[in-house]
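Per-chain residue numbering starts at 1, and chain names A, B, C, D, E and F are given in the order in which the chains are listed.
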Amino acid sequence: MELVKIVEILEEIAPPELADDFDEGRIGVILDLEREIKRIVVALDANSYILKKAAEMRADLLITHHTLIFHPINKISKPLAASLKLALENGISLYSMHTNYDRADGGINDVLAARIGLKNIEILEIGRIGEIEPCSSSELATHVSECLQTPVMYAGEKEIRRVMIFGGSGFREEFLEIARANKADAFVSSELKHDILRNYEDLCLIDATHYATENPGMEELCSRLRKLPGIEVEFIEQPSGLRAIDRTLSRRIKDALDVTEEKTLCEQKEMKKDSMESMIEEQSRNQVRSDYRRSLGSESRRKYME
Amino acid sequence: MELVKIVEILEEIAPPELADDFDEGRIGVILDLEREIKRIVVALDANSYILKKAAEMRADLLITHHTLIFHPINKISKPLAASLKLALENGISLYSMHTNYDRADGGINDVLAARIGLKNIEILEIGRIGEIEPCSSSELATHVSECLQTPVMYAGEKEIRRVMIFGGSGFREEFLEIARANKADAFVSSELKHDILRNYEDLCLIDATHYATENPGMEELCSRLRKLPGIEVEFIEQPSGLRAIDRTLSRRIKDALDVTEEKTLCEQKEMKKDSMESMIEEQSRNQVRSDYRRSLGSESRRKYME
Amino acid sequence: MELVKIVEILEEIAPPELADDFDEGRIGVILDLEREIKRIVVALDANSYILKKAAEMRADLLITHHTLIFHPINKISKPLAASLKLALENGISLYSMHTNYDRADGGINDVLAARIGLKNIEILEIGRIGEIEPCSSSELATHVSECLQTPVMYAGEKEIRRVMIFGGSGFREEFLEIARANKADAFVSSELKHDILRNYEDLCLIDATHYATENPGMEELCSRLRKLPGIEVEFIEQPSGLRAIDRTLSRRIKDALDVTEEKTLCEQKEMKKDSMESMIEEQSRNQVRSDYRRSLGSESRRKYME
Amino acid sequence: MELVKIVEILEEIAPPELADDFDEGRIGVILDLEREIKRIVVALDANSYILKKAAEMRADLLITHHTLIFHPINKISKPLAASLKLALENGISLYSMHTNYDRADGGINDVLAARIGLKNIEILEIGRIGEIEPCSSSELATHVSECLQTPVMYAGEKEIRRVMIFGGSGFREEFLEIARANKADAFVSSELKHDILRNYEDLCLIDATHYATENPGMEELCSRLRKLPGIEVEFIEQPSGLRAIDRTLSRRIKDALDVTEEKTLCEQKEMKKDSMESMIEEQSRNQVRSDYRRSLGSESRRKYME
Amino acid sequence: MELVKIVEILEEIAPPELADDFDEGRIGVILDLEREIKRIVVALDANSYILKKAAEMRADLLITHHTLIFHPINKISKPLAASLKLALENGISLYSMHTNYDRADGGINDVLAARIGLKNIEILEIGRIGEIEPCSSSELATHVSECLQTPVMYAGEKEIRRVMIFGGSGFREEFLEIARANKADAFVSSELKHDILRNYEDLCLIDATHYATENPGMEELCSRLRKLPGIEVEFIEQPSGLRAIDRTLSRRIKDALDVTEEKTLCEQKEMKKDSMESMIEEQSRNQVRSDYRRSLGSESRRKYME
Amino acid sequence: MELVKIVEILEEIAPPELADDFDEGRIGVILDLEREIKRIVVALDANSYILKKAAEMRADLLITHHTLIFHPINKISKPLAASLKLALENGISLYSMHTNYDRADGGINDVLAARIGLKNIEILEIGRIGEIEPCSSSELATHVSECLQTPVMYAGEKEIRRVMIFGGSGFREEFLEIARANKADAFVSSELKHDILRNYEDLCLIDATHYATENPGMEELCSRLRKLPGIEVEFIEQPSGLRAIDRTLSRRIKDALDVTEEKTLCEQKEMKKDSMESMIEEQSRNQVRSDYRRSLGSESRRKYME
């Protein structure tokens, strides 16, 4: 099948005009090697690991959620060179669908909602909201961890009936306001930040990782494309590798333990010097650092802003 | 003591010119109620929980790492009104030190490095790098979890000797490049993102939460201020409440289990309809959504960009 | 009555979408303290004087033309802290209507036109134009001074039949072009500037102060709200305090007087030194100043631009 | 004398690098007709009135404080065409000195300070501050009106000893903060705005008109240039024409008068209709206006912002 | 005829809303001297040569394709002063039609297409495409040179049937993509650039000069206006003066000639010094230059960017 | 030799900090394939023709004046894919030096000045100026055509002694002002534009093509690098293919010829219809086009601006 034909089908599944404006330049054909497409592979990311697998599988087209070049470039970095070499030498064209597939019917968010088992799902502009059997925050977190086979981090204890989900990085104020407005009790997404945690203590917030909340949608896309006649379609898995560890002592236990003991666990910078003396030393070091910062042109300082 | 006098001391501890440019307007006195300062409280955040505690403790000044108003405002939201009311009614002035205290000698990053027990610490422009006893990624993650008393998420297995740390949200490309250039094996910070995880697989990445990597620095600030004569200084703790759950089955176990069983755990959207029919339905729903998006002015669509 | 109900009524009186784009963030509820509204006060400005009066009058809501926070802020200045304290401690919510009420039917401009007694009023996009009994510029200025009870400054002698009015700061080129295009003889507004004075010498320009041209519209708003059942509505007056003094001698008198006499009125810098010598001195001082300006970073110099 | 020679002298008097950054493109030779300069005229503005006088006086060069073209242009408006025609036909080159001459030693601000008779003058970066014999606000306003032969508007009663002055449009927050920081009691400048009036009630603010505060500096420049050998130098006066009228009744008188009488002075819009009915009418008119505004492209609406 | 009447006719010929957005401020009446228009002159440019001719011809209105002031100005340069003087003294109003007349029916591009003799012309948004008798690139270049009476530069040998034309500076990527998409073999326009030459080697590119591709359209406008009753209309010719010279030896000839001979034609910098020594010298000079560049503020360096 | 070593040498030849600010991201290593460099090729451009030649020559490094990716990209176009494939498959790293090498001692401009045989060369910030034997414009144009073996276009007859040169696209106002200020009679560069031609009629302007004015500098770079021990260095030639044709008849001849004859050479659009009728037709077509333009969103219209 010609690429142009496949693009038509993909644009029906995830119409490009559904994409966020910031995705300009990142949706659609990213690399067109003009070859008859016989084998498609689908994956979450476009990187050298995926492209190597794709080459091994003799794919002609790789469809991903995250594009190859996120920020526009003038130079080819080494990792990009490695990925491009694999694509170019093995004749693998690239196609990317991102926020358009998040929003699309049957896309990232619909699949995520289904995987978690939400009922009576309502479609918001981009996320989804639905109901579950009443449970506690830790029960929901456990359920999500099992359903998505991912470690999760969560906060906010409450009884939960309504859950809003958003695949990928969705802990943004505007989405949490939608959650509140729609009387959600919990919000499942990824890349939870401190300020969101502080400002939405009334909600149960579950960070189920970017990978685990988006990968199912790409698996599903793969299944749908398998229905195309005369084309083989495979999925490439690339787990995030994330693991959780929690060695926090409960408050009660901490109170019971000797503070000194805690200190033996983790060595601490010793601050034995006379406080006056040490304060003077630190201030003179700060002075050196201030002078250095001041000496930087405003441009080089500014780089930390973006 | 007059506020102006305390400000001088705080500016020696964390000179404002050390701050990143994006912190303009967020460093220094945020609210000045012109009262003799007898009692100072220190905390990570400036929110209504902290201000209520501060009021109970009869504080005259609250010093925080995160400022009260992050993005400039024209309107007073309800949570801000609540915080402001507490500050104004109880005469609590506000002072904020942020990236200047991150960089400062004895600041956020120095304290974090000490808590984790790094040796031979080198000062980078903003983060710190040091050595630990050789260990595995999971051992380091466990160690960090214990030292900082926080759940952690981590990825990237390797033998670790050199560790770079960065309090707060430090998983930014520029800092990880510094880690690589300085031959760090692990990077401890918070708010780890998917693209960083993918692009820095050669490093052990440990997300130890924003709270747990910054709070120690504020505790330490509190200890230092206690040395001031004639002023009482207290710390207000406000834990993040984050907990980790990991119900991921190991690959081996998953392979051994029947796939059907997994499905019973998490209900899935059933897709029984004839595929052709369902695809047509979805496409028509996408059409409606496309039309809707197109009908939005470009301004309202753009909001998702920022 | 609930605030949300009152907001509905206010939005019928002055629909927010009538506002200029630059008013974004300044129209509507500025502070919402969620209290049953029993007493409303109306005023031109939202400052501590007004809020103190509002508190004395036990108001639950203050409606003003000028908002509390004009330019977005990160820090709370002392005057703002004073105002906010009064509002928060006394439970006074704030609502602001600005250019939307200028444009609205029965708003600032309609009331101003009525106060001055214009006939056959035409509605321009924002200002109003109407007719008066033929009079001279000084007669119109006198009439406006009496009607609005304000000192006025005016220039441009001519016979006047058609008058354009614009409440607040309306001496902008675009509005004066509208005045000309509509064959107005006089333009009544406030904050007259030198360049307007020079470029529109064909019009009689009357500066009747910002306060006196806008306050009547707010008084009228107060009257309209009094019709609401079950709510008490009061107006708070805060005069501008402006006074005019004119000790200009007429040209004829000046010609008759000895120039020396004028000099005795106002001492003048004596310039007795040899001109060559004094010029050299001044130039060397300029040199010092130039060097200083050059030494300023372009950023600090730029502040005078805005 | 060649123009280039005169420019050198003018640049010593008012070095261009003293100018504010926003004056870029407005300082120096604005029109160079390459003629031997025999007669110079000096004025505040460059407009057709001044250029006509300059032509009558057979001037070769006009030096002004305000430039001919303030905002950059692509088209020649009719007033500009008239001015340019006079300059080009009569061979009158143009030179402009603006904020550089404000700052310069012996420039606009020094002359203004001298005219008002300030003592012990201190030079701020741009304005000047000095002392006068203790007096009331109205006495100072009267004194300024006499010295500068201009109507004035003023507000803020207090006893005055220290006065800050700023020729031209100086009622900007940054300058008033300087006034406060330098313990000035009064600020004399022009183009006083409502927000300044409200925020600086602790100061006596005197608006002595743009013309009257800047013209003396240009007169003085003329006197200085007269010392140049072999060149005739004349000043062209163009008074602002502003006059003040104050028909405000004192509060006491107003209370004594019948309210009805006031109404006879100024006709008021009669609002006799049943309030419900009239409110409905107004709302429907507002609706029409809202629809109209919404129908405007955001570009045309935005014009009111600048 | 009044200017306003003529403007109406010109706006029918070239509706201003057809213009590119970047032409804002450059379309329409540029200078209005309010005189009864009896004689119109038409030309490509508005400069002092044209205005002198226009004055000699006693024109009241000059209509040009290129406006008088392209980039907005604050100062009057000498060439502009010369042009303005001619216009103002001789009462010549100015009108400009640019990209609106390029696009207009019967405008620049239609006339150009006709002059070259294209058949079956299709209208693209701005250029035109048509057919010619099959010929080689050099034959087409020769034909264009003859038709437009201009030297041409061209590249890209191929058999040509379809030609896209674009009057003025049209060698822009977007237009060449349109040429390709429409299967043009050749593109005739002007101001051909190196990157276009490299990237569109599949097309025959003919640079027929800006003047020669646009002047015919203005001649045609002149003819059309001649039909207006009671007004005399003349065209002013101002050839570009461009001439081509080609002393390139064919590769074959060059190979046959002694290389030394070529060197006698063009002297070359002799590089006899020991290479090591000379390299060191150059490097030290580069060092001086680098230091100089670094010493420039970023603003002055940036000027080369625009 | 390692690439890093070669980069050091190249940075001595053309220090990156000499580059214009707009060249950010375009100077230095563009693609680093980390291979021992044994063979370097040098060329003007980095495109698939050059890379194919480089691959045939088994090069490890290609050094060019124009970079591979000029404007930052998110997608890989087909021509770029072709170039990248050649580079990646054949292990050819890329290095680019642009405006830094223009300015550098012994760089583009110095070589160009030498090729044309200028004497007493002065270094301007970026171009060069020198003397030649007095000659006419056409003699100089002929000389340049021979020296650089390129067709040229020129205008402006005068006697020439001083010549300014600028390799590449140098016909910018700022450079021509430098030429005038330095009393150059001629300016040799490329990509001459109409407005420059009109505004600098006092100079002889010679457009010697971008290729022919820059390629010599790259040839020279190649010669210099040949001195490096143990590395083979070759140059790849890719002529522009430009040819000039001039079939302009001299004015005298044209006057002698019958105008009708000219018309037989180039067919012209016949305009036989009654002018009234045809004007109406065109206007209605313009109407359609206006409506179309108005219907375009402002964004799509704007694309013509950049």
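Keep in mind that, in the parts below, a residue touches a chain if its C-beta (ideal position, glycine included) is under 8 Å from a C-beta of that chain, and two chains touch if they have at least 3 such contacts.
A quick note: this is a predicted structure, and the numbers were derived from the prediction, not measured.
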| item | value |
| --- | --- |
| Set of chains whose contacts include both subunit E and subunit C | D |
| Between E-F and B-C, the pair joined by more C-beta contacts | E-F |
| Degree value of the rotation bringing subunit D onto subunit F, based on Cα positions, nearest 5 | 120 |
| Identity of the chain that, by mean CA position, is farthest from subunit E | B |
| Separation of mean Cα positions, subunit E and subunit D [Å, integer] | 45 |
| Chain centre separation (subunit A, subunit D; CA means) in Å | 58 |
| Centre distance in Å when subunit B and subunit D are each reduced to the mean of their C-alpha atoms | 51 |
| Multi-chain contact sites of subunit F, meaning residues that touch two or more partners | 70, 298 |
| Category of the chain touch graph - line, ring, star, complete, other | ring |
| For the subunit C and subunit B complex, residues of the former touching the latter | 25-26, 28-34, 67-70, 72-76, 78, 81, 84-85, 88-89, 94 |
| Subunit D - residues contacting subunit C, complex | 12-15, 17-18, 20-22, 45, 47, 66, 70, 79, 99, 103-106, 110-111, 113-117, 126, 138, 141-143, 145-156, 168-169, 174, 190-195, 197-199, 201, 209-211, 224, 227, 240-249, 254, 265-269, 275, 279, 282-283, 285-287, 289-290, 293-294, 298, 301-305 |
